[in-house]
Amino acid sequence: MFLRNAWYCAGWSDGLSQGANALLVRRIAGESIVLYRKPSGEVVALEDRCRHRQAPLSLGRKEGDALRCMYHGWKFGPDGMCIEVPGQPRVVQQAFVRSFPVIEKNDWIWVWMGDPALASEELICHSVGPNHPEWDLRTAHIEVNTNYRLEIANLTDLSHVAWVHQDTFGGTTAYSAIRAKQTVTARGLNQEFWVRGVPAPTFAKHLFPEEARFDLHFNVTFTVPCNFILHFRVFTAGKAADGPSDGQLLLDTFSSQAVTPRDGESVDYYYSWGAQRGTTAPGLIELLIESNHAAFLEDKRILEGQFQRMKELPDYRMCDYHQDSGPAKMLWVLDKLLKEEAENVA
Amino acid sequence: MFLRNAWYCAGWSDGLSQGANALLVRRIAGESIVLYRKPSGEVVALEDRCRHRQAPLSLGRKEGDALRCMYHGWKFGPDGMCIEVPGQPRVVQQAFVRSFPVIEKNDWIWVWMGDPALASEELICHSVGPNHPEWDLRTAHIEVNTNYRLEIANLTDLSHVAWVHQDTFGGTTAYSAIRAKQTVTARGLNQEFWVRGVPAPTFAKHLFPEEARFDLHFNVTFTVPCNFILHFRVFTAGKAADGPSDGQLLLDTFSSQAVTPRDGESVDYYYSWGAQRGTTAPGLIELLIESNHAAFLEDKRILEGQFQRMKELPDYRMCDYHQDSGPAKMLWVLDKLLKEEAENVA
Amino acid sequence: MFLRNAWYCAGWSDGLSQGANALLVRRIAGESIVLYRKPSGEVVALEDRCRHRQAPLSLGRKEGDALRCMYHGWKFGPDGMCIEVPGQPRVVQQAFVRSFPVIEKNDWIWVWMGDPALASEELICHSVGPNHPEWDLRTAHIEVNTNYRLEIANLTDLSHVAWVHQDTFGGTTAYSAIRAKQTVTARGLNQEFWVRGVPAPTFAKHLFPEEARFDLHFNVTFTVPCNFILHFRVFTAGKAADGPSDGQLLLDTFSSQAVTPRDGESVDYYYSWGAQRGTTAPGLIELLIESNHAAFLEDKRILEGQFQRMKELPDYRMCDYHQDSGPAKMLWVLDKLLKEEAENVA
């Protein structure tokens, strides 16, 4: 159901401090995990479950590099090995908890849920973090009660912008006519497309004359499990009907979005949005992230309603149409990788 | 579990306006339904589930006679046929959603859950709506977390008035001695009985001298799925021990009650109560509906407690007694119709 | 899953008054029970389920020694036999509800869940109630969402005081080195041990100089289902390394604790703590019970977290250590009795 050999986002770096009581509890792909920082700042991820009697280590206490369970005092190192059992000189060899590879990159914390030997940093998706010198970004987080496959379908078919987001990102039905250039990759799907000659999106309408028209360029890199990286640029509307816009670049933005399934029924959604420092005006970054948040609440509403209906009738016969090609391709990639994992285990 | 070929009440007419955003979501007999009014005022009931990816149509937008799903913009006519798929010239023939026959009658909206060819208006129970010229009525609604079979048993055995409603409708244990004249019909059960020489019901005690006595006449028409239509009259106590009271008619009331199962664990209960304009006094109608509401909260408390206990021990061996004849007969009618439906499907 | 032939605590005596509406609802070992007092003061425990249609008798009405169901008025005596069916001269012989043996002792109400013929008062654990002339005690109650086997494991391994209760009862890791004298009994486990030369517990630190040291004596009588009776004494630290402390007795306390499983996922926890009147100072009893309550909330937090994790992975392979001997012995006693009951039934 979940890809094991993949990096899952556990949150923004600034969500996990160095404080003595700073323990972050996460549910990732059906497993309970506790994260903390060593004195060096390095992040540790352990199964949130003491080997002794399953008490949550997240109710425990940081001690240097280690974490002590506060039920009976068993202490575990960052590699998950038990290094102290109070009142007993010897530590049982089986007394370890699972330790997960962790990498912090571009202000995101990534946890590898599968075989540690396969945890290559190269498999972490490219992203732009809020501390990048060239971009001015804001970050946020929401929770959505849906299955992550429905998030994948949502993010790989942006025609929904016309309808779900008519009051935020939308303002034109041109999105329904998108014909994206789609490229299947080893672990994802790239999509690139133009939306040309359209009015300003609803959230920015007040900044432009009503008759102003724009060319919008989307470049999406989507990777498993559910990472959506978007380079989005706005030009004044040009005359070109194909290829690059011959209008003037007004705004150059970047959004990094990571959706982490907690289980089969809910996800954590971490995202940022912002612009190249050269293309921003005062207040613009705040406007971007606020409209982004409003738009994601629109998605949340429709995705949770959809998931409710799907649970009512799991065998309902749905109808497809041309815009399902993005979701179909990306879910095909995911299912292929899931099948490979299942075969490697068997 | 639920009768399909039956009219189910979806609410009072004034609960569904003509407004642009007026979409009513209902769960009826295990199915999710969205209702809206066409510009003509006619009510439409569709399955609340877009054919494309099951997004709720109740999160959509009314467009004339049609309803547009606001996930990817598919548009459905009042017959459930898809009439537009944005960005695609052709509409797939299978792209329909289920449309349910609807009739609005006496201020109630009725939805037919079974074969549309069998949706005869004659099967709608007789009722009196709040806009009837001769009756002065008030309406209300409660939700009860119980199975509707327990509501049937409650409403077809009014001996419970003595106990459940001692503080509202009751005030005498004479209800325990009811011997109703019962007539089984094709789709229900009629019950008619007198309760004679009793004090005023608790809720009206303050209106009469303590020694005042009354003859009460009940005429109940009960039909599937769970519709309780009551003509209830109050006379001054007469001398007749059988047949009509020879007392004076004080109050002539009518109550229409429709219980709609949402699923196997909860119901919507729509009801009215009021009196012939000729027999009312100032404030009396309000007193009737308020005491009715208080009484139904008494029912809700006992029915929800009972349902909780039944779920704890589904195989518990219960004991019957003489007052179970009403419930037994009505549930026999329901089960006979359920069996016929099951056989017709097979 | 639950021992039937055992006394289960249903609460403190002062929790069930003589009032006309005083009906106590309890869930004990998976069964719904209603308790009330006869005019004589004697407590009655009946299954909270009318024989007629399973309406809760706890929504009923006390009438002398009897309890009337307020759905259709059936009336049951304290032995559970139906003694009146309104409107019907004869009472059906099968119309009884289960009646449970009840004994009130030392201010606790005990209910016997098994064969009434085996309900010997001698099987009720020794305890000290708040009305005892020699002890000054306070009582309290909490609810914990866990399985009672985890409560047993918690209470028969007090090494957890060092960690769970570092901010209340603890203040030393010496508890981790406890080597209790353990005696298995027919229906329980006795444990006796000293903790010597330790600082004051955290909650009482402000009452003593920092360098003050104490010898602590614990004498625990634990019996099925989950009753923890503790005689706890504090001495000034003496020189004896074995046997009784040669320090001075400062405080002589007694705590009676009864954990009643509601079902497999939650328990009611009734407890008292206090001291011999000769060894108390003003405000001390209040300090004891307040710190006790704070400590039990610490337990609740860890037990509920642990139970959550156990439900996630019921087949998780845990590791044992030397302090598990108390839990292991007590659960062995419980499982032996459960097996015997199962065999006697078969």
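Before moving on, here are some points about what is shown:
Going in written order, the chains are labelled A, B and C, and every chain counts its residues from 1.
What we mean here is this: contacts are C-beta pairs under 8 Å (C-beta built on N, C-alpha and C of every residue); 3 or more make two chains touch, one makes a residue touch a chain.
Note that the structure is predicted; figures quoted are calculated from it, not measured.
Chain contacts in this assembly form a complete graph, since each chain touches every other chain.
Comparing the contact residues of chain B and chain C by number shows a mostly separate set, under half of all numbers used being common to the two copies. Taking each chain's centre as the mean of its C-alpha atoms, chain B lies 48 Å from chain C.
Multi-chain contact residues of chain C (touching two or more other chains) are absent. For chain C in complex with chain A, the residues that touch the partner chain are 153, 157, 159-160, 162-164, 166, 173, 176-178, 301-302, 305-306, 308-310, 312-313, 316-323. Listed in rising order, the residues of chain C touching chain B in the complex are 32, 48-49, 51-56, 58-59, 68-73, 85-88, 92, 94-95.
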